[in-house]
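Shared chain: chain A. Partners: chain B in the first complex, chain C in the second.
For the complex of A and B:
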């Protein structure tokens, strides 16, 4: 058995030994280095650009400006192509721009022999601007006389729906109604490896791009669109990647390196963004501004949730309104028996561009929802945990939003399990007299739901090719990308499980190369084990069948009586009796002069299901009123992600997600000046994501439902852990202090204002 | 300006004539020691941590000329006779490896820590304090602490 056990990661040895090669680690002869000339203002238009001085610097090989790039607008979001063009991503970008929409917008690019020379030359490019007032706050952006950041206006998208009944009726039935306003901050992914790509040309008209990307196949398409080059003549290679978290589910630098090599006769050109560029000019998480209203009966029955949100996408649409659409839909799966109205709008702003980030809008909307739920429970005098247990969805409930029956819904089970593991009731009693003085203690809970892919919003396609090597080992080719989450390991476990071949003999080819890697849209939406897992399963069934058929041919034994056990074919009934080793069988298939052939299987598969996953966070905090500082004393996430393929890597995903949410809850905020659009903290010293000393011990548990729509009972796990910790921490601070924080992060700076307002200090 | 320096990396002697502006990070990477990662270039993230005379140092802001006469260790050199070190193995066993970009730097910090505190009774706060110069965005640090703990116990 290979699934369900904590086998060693396939890539662990490569990574601890330094052998894992990331994009920057390959040596390319004659590599040139590109550096952007970036705008120094946040909003305006370039009226003059002079590159003469820069061109005279020794070692500068080329400079291109906005005048030199194709004028076809393209979209960068890493989504599958939308056959329905009305659903296509917003095409609002050129590779280099004359119209400035954020501080650091890309005006020109210098290519030189070294990065240092390119930086020096970029600084010598003289730019004159016509500056406009920077639009940063929703009020300024949506003002009737506000300048249009893009020709189409400042609203990227909007939608609304009312499901599960009518708000008007539900409001009448509700005995307790509460309103609140809650907002979340702009945070950044801060993957340790910055954005990097290089490109060169070979054998005629072929562009090869090596990139730190989550989405090699999508990247190929978008480069083709951006530079007007045939898709089939572009190859994207994805080696090991140093984290992405959604920032690399966007095609950010691949088009320009492809353009540069094309313009420079195939010379290899690399663009390696600095940390400062990565933080401020790639992608961020959309800040949300939410107005929420909810109603319930005195007995604690949730009647309705009415959410009105504004999502700020920054200078360019990137994933645009999809974030607000995806984020909002999850509330309906959490509380499917309530009437839910959701009204959302996404707007441009003269600040860093927001895109996909772990859990894709859901942390924002769930923060708003779970703050409101908490405030309602407290107003009604009902235990917030009991309130949730009573109202969360149950197996068999119908999601009012998509009308799908929820087959496995482990949320209530998660809450009950967490109650026990965390000792909610014991702590609640023990903390009663810890609500005064300088240090106050509180407990909080919050829950979430998520999806296991993007269907039916997008196509969900995955592919898998299995090859039996001459030595009896198996190679797995998948387009699904390993980005640190452990997907290669999970796929190897799945292939081993279904074929019966040893896990150690299954190798997943970790590097994707669009010339030979079968098609898959890549790492996002926590889709890979759910969607690609089904392709692996089908391919493994087929490979097993082919191996046993060939065994029948070679040994003369009926294949129905045979099975694969590790490295050999045995009798079902007598597994200790070996018929033939896989090595001998494979060697025969390759080299016997009169029979056989390479034994392979290949499946391309589209799923038309999308299982919701669930979970919750329990947290205990101490709040130092005078320092406005929150210390997490205990935190535990409980997840229903279906069956767990690898308990060790699963735990790692949960820890990492919790950490990101704790960062967003207490520390992280990309600060933009509201008047100038200037970005204050584009580095890891001033953008404070938690260090090891800021982090508490992390704990997690699983409720393993068996999801019938996936091959191994799995549901999503990569992104979900980062949804509920922040609202749980907020609710614990409220429990400790009586003050209800209404915006993230709950840093000393922000808590100080709220505590002062409440008269605590 | 150039200068000739001599140093030892992972037990191998080097004598090089280098541009005095070169950082140790650049020098090591040019020599093929690409486990030494560039994450920020200014000593914020610790991905470029190497041991210089057994002390963890951010090689991105350490001039290469300063290693004249010194001994450097990187993860490549922690593999002895084809066998990875106890710290490397503990990172694997504890599940402390995810994307792997911070891993080499973290392992070198842990290596120095474990060598310093072997057999001592060290609490989690002390492990945290001495790993505070290394950032990881994947693990939440929990399993990294577990890995270090397991090395101290054995």
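For the complex of A and C:
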């Protein structure tokens, strides 16, 4: 038994002891360092660039500008290749650009002996611009006479649907109708390890890229497209990685390092972005502007939700409209019995480029939905928790959006469990007289749904190769990438569970190398335990079968009577009697002169289901009205992620997600000047990423449904914890103060404006 | 990697003073938590460094026979927080020190560096202002003393000339004995932040009457400021909620917070008003009157 047990993470010791090697830790002989020359304006065109002074600095090896790079536009989103080219990502990037679309756009790049020299040289490159007015607000961007940020115009994508009936009819049936406008802020992943990659050439015509990436195989393809180099001659290696949260589900710096080494006769070149560059010029979370309308009966039956959102992707499309599509679809799984209309548009802007970020558009749309739900319940005078319990989906409901039957739907159970754990009713009664004075108290709840992969939007392919080593241990090769979420540990547990081999004897090869690692599209969409778990399962079944067949050959006992118990083969009916150790069996298979061979299994599997996962947040807050500060007194997430593979790492996932959402709720906001497009706070001092001292104790619980479409009953858990805390906190602030914040973050300075407007201060 | 062209580790303050004299471009580095940031940003003004970090003569904290307390400028904030003399006699300094950065920063950042940097947000400044601290500054022609209230000239500017080395900070007994005190740092997060507004107060009571109130703010004007009008208005007033409100309302007479993208002027005014009230109340409580 390995699944369901809180075994120690496979990488725990390497990480806490500092022995884990990250991209920057490898010493590469003759390594040169690249630094970008970045635009100082947000919108315009370079009319003159002079690199002469920079070239004269000692230690500068090369400088390339937008004039030197291939002119083929490429898409950077870390999606599988779309055979249907109509569904392909928007190709709007060049490695270096003459057209400036954000402050910090990449115009040229300097390669030097040291990073310091490269920085000093980059500062000496003289650039003249023809500046255009920066377009930052949706009004300015969508104005009829607005300049086109890209040749195709300022709208990246749009779609709308109306499911579960007709809004027109539902609106007539609704006795209470409410409208609201809610918006979310641009936030950044703030993964510990900034974007970093280096590349060199080997054997004349092979490019090797070592990169902190979530998607090594996709990265290989996109580099090939960007620099016109054969895919088979590019190898991408992913060592230990210090977090990504979606910012590395995008191919950002790999093409340029590959280009540089190619241009420089294979010289190894590294690009190591600073924190400031990472925040401003890699990827952010799309800010959403939502107009929402909902209707219900007086008894609390939700009739319809009508959501109209604008998603701002910034300077480049990156994941483009996919974010708004994915974000919107979740509401239909939460409230599948209501009529739902969703109208979404994604637009360019002269500001940092948004891409994938943990939960991919869902935190934004769920914030809008759960603010509206709260405001409706309050208008109707119904307990907001009762309102949700009454209207959330149930097992067997059909998702009106994709017409799929929802096989496991634990949301209502999560709400009921949370009600008890949190003592919702007790707190509600206790807080009745805490709604006046300087410190006011309130409680809030919000729920969410998510998916366990991207199917049918994208192919869901995953692979697993298992090898029985001569000592009886097992190696697991998976294309799914460990980026801190604990997937290596989960896969080892799965392989151990299904083969019967000890967890300690199962080693997952954590470094992906596209030359050796079987194909997988990477770490995103909370897909790994659900999608890759199925490949691991199938490979483990096959390996077990092969081991037992070989045991039959060696021992002469019918394999049907045998099983694997830890490090040995035993009788099924009498496990205490050993027939042969795995070590002896494996040694025999490798070295017996006349029989056997290396025992391996290899599976590549495409998952064609996508189980929705669910959960909710309960939170109690104190609000200091005078100082506009919110203190979280208690917060608990309750999740239906199917069966939990590892309770300890699952808890860690939930804590991390809650942390991010609390950050988005109360602290974080990447600010861009609406007139100039200047980015104000792309550093960790001015970007108020919360510290550990700002975090309350984080609590979580699970409702373990048994999802039949996955191999171990699992559903997604990586991203979901970061969805519902922010709207729950908003609803608690409303409960405490009577003021309904309509935008994130609910930071002191933003709350000040709202409290002032409401006459509280 | 930093662009450090010249670096000298000195063994004494006098060596630092004479090296500064000979090197017009040289700058001092102590804890480095400000200087290294400037270097990382590529500022060319910091390429020649004289390192006074860990100099024993700058690390001393002592109570003199007359009761005055002297803190070496090179004392780190962690040392300030843990020092028995400070904790007993001028705990408001330890309280302010505890709000600076995070543990790693406090382990190296020095109290002298914090004020010589000239930042209007310096957490130690508000506390030193209400304690009427005096600075001992060493220079080639000898030492001089300067009240901390005269030290700040404007944002990033202090009354140090090239060749000056801040040696010690003195808090006289008359300025702490019998006073209650409090400091509140209002920031957007609980650690690793600079103050949106900082406020310190000391208060001496005669029964239920305020004999002396000193209140200082950071980030509320182009330099750390005492709110003199409020202090004058407080003298002789009975401790009542109404009086505290009135005194708090007077602090604005001496302050002029800026309007910026970090925080609007109106928001800062709100914070100033509330902190004045709360910090005065806390200082009064610390002086012995329970509110």
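As a convention for this text, the second predicted complex is superposed on the first by the 761 of 761 C-alpha atoms of A that agree within 3 Å, B and C clash if a C-alpha of one lies under 4 Å from a C-alpha of the other, contacts with A are read in each partner's own complex, and residues count from 1 in each chain.
The working rule: a residue touches a chain if its C-beta (ideal position, glycine included) is under 8 Å from a C-beta of that chain, and two chains touch if they have at least 3 such contacts.
The shown structure was predicted, so the numbers you read here are calculated from the model rather than taken from an experiment.
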{"item": "First (chain B), second (chain C), both or neither touched by A:685", "value": "both"}
{"item": "Most chain A residues touched (candidates chain B, chain C)", "value": "B"}
{"item": "First, second, both or neither for A:395, with chain B first and chain C second", "value": "neither"}
{"item": "Contacts of A:131 with chain B and chain C, given as first, second, both or neither", "value": "neither"}
{"item": "First, second, both or neither for A:747, with chain B first and chain C second", "value": "second"}
{"item": "Chain B versus chain C as contact partner of A:761, first or second or both or neither", "value": "second"}
{"item": "Touched partner set for A:626, first chain B, second chain C, both or neither", "value": "second"}
{"item": "Touching partner for A:566 - first (chain B), second (chain C), both, neither", "value": "neither"}
{"item": "Partner chain in contact with A:180 - chain B first, chain C second, else both or neither", "value": "neither"}
{"item": "Partner chain in contact with A:165 - chain B first, chain C second, else both or neither", "value": "neither"}
{"item": "Shared chain A surface residues [contacts with chain B and with chain C]", "value": "684-685, 691-693"}
{"item": "Chain A partner contacts - residues on chain C that touch it in the complex", "value": "1-3, 42, 102, 186, 188-194, 196, 261-264, 266-267, 270-271, 274"}
{"item": "Of chain A, residues touching chain B in the complex", "value": "6, 8-9, 11-22, 24-25, 189-194, 240-243, 245, 274-275, 483-486, 648-649, 651-652, 655-660, 662, 683-685, 689, 691-693, 695, 697-698"}
{"item": "In the complex with chain A, residue positions of chain B that touch it", "value": "33-35, 37-42, 44-45, 47, 74-76, 78-79, 84, 88-89, 91-93, 95, 97-104, 107, 124, 127-129, 131-132, 134-145"}
{"item": "In the complex, chain A residues that touch chain C", "value": "114-116, 119-120, 123, 626-628, 667, 671, 673, 680, 684-686, 688, 690-694, 747-749, 752-753, 756, 761"}
